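Below are two complexes that have chain A in common, paired first with chain B and then with chain C.
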Partner chain A sequence: MDIAFVSQIVVSGLILAVIYALVAVGFTLFVGVFNVLNFSHGDVLMFGAFAGFTAFLPLAGLGVTSPFLQLVLVTIASVTCTIALGLIVARFFILPLKGAPLLNTLLITLMLATVIREGVRLFYPRGSNPKSFPALLPTDFVSIGAINVRVDTIMLIFAGLAIIVATGALIERTRFGLAIRAVAQDEETARCMGVNYRLVVLGAFALGSGLAACAAMINGLYYNEVNYSMGLMLAIIGFCSAIIGGLGNIAGAILGAFIFAGLQIVGSLFMPFSSAYSDVFAFAVILVLIALKPTGLIGERVSERV
Partner chain B sequence: MSDGNAIGRTLTVSGVFAGYDAADVLHDVNLTVEPGGVTCLLGANGSGKTTLIRAILGLTRPRAGEIRFGESDLTTLPTHRIVGAGIAIIPEGRKVFPRCSVEENLRLGAYEIADRAEIRRRMEVVYDRFPRLRERRGQLAGTMSGGEQAMVSIGRGLMKAPELLIVDEPSLGLAPNLVEENFETIAGIAKQGVTVFLVEQNVHQTLAIARRGYLLQQGRVVESGDAKSLAASDAFQQAYFGAGH
Partner chain C sequence: MSVTTRNGMRDRMFAAFALVATTLLCFAFGRALLTVNDERIVVALLVTLAAGIVLAERRVTRAPDSALVRGAVSTAPAAVLLAIVALILVFHANHFALLLICTLLIYVTVALGLHLQFGYAGVLNFAGAAFFGIGCYTAAVLTQLAWLPHPVVMVLGGVFAALIGLALLPPVLRTRGHYASVVTIAFGVLFTTFLEINETFGGAQGMHVAGLSLFGFDMTRNIRLSPGVTLSFYFGYAVVALLLAVGAFALVTRIERSWIGLTLDAVRLDETRSACFGIDLARWKIFAFCLGNFIIGVAGALFGMLMSFIAPPNFSFSASLMLVAIIILGGIGNRWGVLLGATLIVLVPERLQTIQEYRVLLFAALIVGLLLIRPNGLAPRRMRRYFGEGSA
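Right, the complex of A and B next:
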């Protein structure tokens, strides 16, 4: 294997890791504040990708031709629509199910996922066809030694990492983050401290959905394609990442995402028949990991004292 | 009943029925916590003490009746608004946030306060009361001993600078020497002008620091009065020492 080929795969693995991490953090946030496995998350992401794509279409006609300005507007549209949809999901389908059996909330998020996915497929013009997402970042190559990498790829990786770091800081350093962590540990006591529970749940859904929009943008800009079923696989992988990291744990979700992407790389490098089996390999290893470490890789380090 | 210098609002519980699912736990509970000193709520396990606290805090909605704090009606307010009205709770079992540091736990106590200087000032007051917490400000509360967690929980309650402090079963699960210390702390807080509503099973130590109290039995207030007359009442003697003497 030559170095150029390996570096190519490592770079695409990093892109995947960043996308997965952004999705996984959402899953883990929702479990933290509401103890809900929100399977509509992937399709909220897909909705964000379509919102960004739709916002792009009229821009050239409106005289907005600068790729940078286009990127800013497309991102704003995607993030705004995704947050709005996430808030609708939280306010009308999740919060009313407070106290309901877990299976009911699970079922509702699965049905929501189907409604959003099929809604886009049926009602978006030619919704079942893949759409070509515009390349709004510079696509020229830079050479580092023998390695050639596209500029937009590097920008996307760094943008994704920056968003992940900023999210970590938000959770660890701000009052809102403290409220999310408090609710995740003990909802009733958090309320007794003066935390507005409903607001924190809505805020966490807004944050998680906004991160999904970022994942959708990175995904669209990297692969230059969006389609109505893209959310499904991303949701499964994001969910897996959150589980192997230990559900409810932000750092664990990020670690899980990098592990999953790493496994896919290893799979495509060393498995026969190239990359076709990388997902099979990655999921198989995840199965083993979960069997060995059922509570996740970052377990509870703190035991509750009586 | 008033302390002479005690100013503040009275917590009034009137005609409260509350419970879970189909069954009422509280039946027509009436009581008042007047400003100043310690008012206690005594009663055996299962007498409804916890349900009453939950009703006051809005965690379990009363089916009937009214809960007021001074002029404000708490009955239908969400919990975060109730504690925003000047009431703080030191919950049963301490309930520190185990994966938050001591400092973050204290910060959560004054959650509704945005002014950093004010938070800092209140934290210093708590640290002066519990120097051990200052030493351990960065430690995760879940890794601390039971006694230290009790300090975190009390300190967190004081961070609200409350007018009324509700203390729920503070001695539950603590070693005897720590129980003693805990009661001294609570009495000290009351002396500084915070009204304390103390819920306890530990009768003697409670009556020693309380001025006034209520005895709850099977969800009903069966006796009330100042601490001395409460201890001497038939209902109290029966509840704690059995009938027939």
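Right, the complex of A and C next:
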């Protein structure tokens, strides 16, 4: 294995880790503020990717040819649509089920995910075929010694990391973040202290969906493809990451995402038969990890689980 | 004549009347649903069914102890069974109708397995289609061995499903709520991915399964009884599927009415309290999970032989969700609801070809609406009645 090959693998692993982390942080936020396992998150993300793709289509015809301007507009469209859909899901389907059995909220998000996925497959023009997402970033190579890396890859990794750091700062340093943490820790006390509960929950869903849109953009720009079934796999991986790290814990979600991406990379490098088994390998290890550490590597600080 | 005997006679008359009436109703409804080609009539039938359920439920809740209701409730299993037997006999030469009946019965069996897990023990299993698939693939591999009798193959299908389920148990048992469901979801996705890239089991192209043969009868050919009467090759499958469904139903009923059912209810409703009363949570969850998967696996093996060809998309995550939809629509924990749910989800799309393409979308949306409006399903399970006649 030469250094160029290994660096290639490491870079693609980093991209995966950043995407997973953005999804996992959303999951962890939802569990924190509402104790809901929101499975529609992955398909909201997919919807965002399609929204971005759709927004790109008419741009050239409208005379917007600068890739930078296109990128900005596509991102705005994707983030707006995703946040809107995330808010609809939260307002009309998740908030009304407050106090319902865990199974019901779980089911409603699973079925909503199916509705969004099937809706895109059936009603988007030729929705069951993969769509080629435009490459809007420069695709030149930079060389560092023997290592060749594409510029857009580096930009995407840094953009993703910046968004994650910014989210962390938002949660730790702002009043809104304080409110989210307060609700996550103790909803009733937070309400007594004057926190607007509904607003905080909706805000957390908007934030989580916005992060999903960023993940969708990074995914689309890196792989240059969007398809209707991408959400399911990303949701499951994001959720597994959030669990391994410890639900309701942002640092844990990021850690879990990097572990999962690392496992996939290790799987594709060292599996004896073929790299196609890397997903199977990663999931199998994750299941073992969940069995060993049911509350995650960074355990919940206030743990009810016995 | 004393009052009690007169009452007893009246009760028996009502019961007999209810038996005949329910049988005829079920038979007529099933026959119409299986043969009518006009989609408008199918829709009309469904509306009638919905109205009938609402009326019957109102009647049962208003006067749960009236002789007619008691008679109807106590004879309902016999009536439904009679109606299905009659349908199989009437359609003995009609391939398509028999195939639909077989599929329905197999899905009823699968849903009963899930019902044991979700409805009684409260163990969430979102990989139902994966365990179903394990049964199918077991049948595909083992029917290649000519010396192995097919009933044994079916049992082995269940055994393998239960065994592979056992491997999932450590993460399922150590986690609760949120976490446990993710374990099964991840397993379900893992299973399809594995099948698609695996060469041994046919990969994405799928696998051929040999047809069922029982006691020397090859069930891939029509059976000629006498010059005038030929049985469709699906007839044998229908009989086996019926036996399987009845067996599973009887087993589930026995469990619900026994101390095991009470224990499982306790585990589902409050883990901490049941543990305080000395119930071994892990043991009962293992019991429900494995027995449920066994039932699903046996049904899967029969399904594989019936279809004679299986491929990974049959066992995808959305297939698992549709299985869950069967028990949710019917009303979680109500074993009769399973029949209703399976009819809606398996039979209706076959008869309404217009919605076939949109069925997953439709049923998912239907469940979303149901959870918002009527969270306990169309026919929710009633409270246990500990005293009085017909208690269970």
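Methods note: the second predicted complex is superposed on the first by the 297 of 306 C-alpha atoms of A that agree within 3 Å, B and C clash if a C-alpha of one lies under 4 Å from a C-alpha of the other, contacts with A are read in each partner's own complex, and residues count from 1 in each chain.
Assume a contact is a pair of C-beta atoms (placed from the backbone, for glycine too) under 8 Å apart; a residue touches a chain by one contact, two chains touch by 3 or more.
Bear in mind that the values here come from a model prediction, so they are computed numbers and not experimental data.
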| item | value |
| --- | --- |
| Partner chain(s) touched by A:E118 [first = chain B, second = chain C, both, neither] | second |
| Which superposed partner A:C240 touches (first chain B, second chain C, both, neither) | second |
| First (chain B), second (chain C), both or neither touched by A:A284 | second |
| Contacts of A:L110 with chain B and chain C, given as first, second, both or neither | second |
| Chain A residues touched by each partner, larger count belonging to chain B or chain C | C |
| Which of chain B and chain C A:N196 touches, first, second, both or neither | first |
| Touched partner set for A:A100, first chain B, second chain C, both or neither | second |
| First (chain B), second (chain C), both or neither touched by A:E188 | first |
| First, second, both or neither for A:L178, with chain B first and chain C second | first |
| Partner chain in contact with A:Y223 - chain B first, chain C second, else both or neither | neither |
| Shared chain A surface residues [contacts with chain B and with chain C] | 305-306 |
| Chain A-touching residues of chain B, taken from the complex the two chains share | 57, 59, 78-80, 83-84, 89, 91, 93, 95, 97-100, 104, 107-109, 111-112, 114, 140, 142-146, 149, 156, 160, 173 |
| Chain B-facing residues of chain A, complex | 175, 178-179, 181-182, 185-186, 188-198, 302-306 |
| In the complex with chain A, residue positions of chain C that touch it | 118, 124, 126, 168, 170-171, 174-179, 181-183, 185-187, 189-190, 193-194, 197, 272, 317-318, 321, 324-325, 328, 332, 357-358, 360-361, 364-365, 367-368, 371-372, 375 |
| Contacting residues of chain A [partner chain C, same complex] | 31, 37, 93, 96-97, 100-104, 106-108, 110-112, 114-115, 118-119, 122, 232-233, 236, 239-240, 243, 247, 274, 276-277, 279-280, 283-284, 286-288, 290-291, 294, 305-306 |
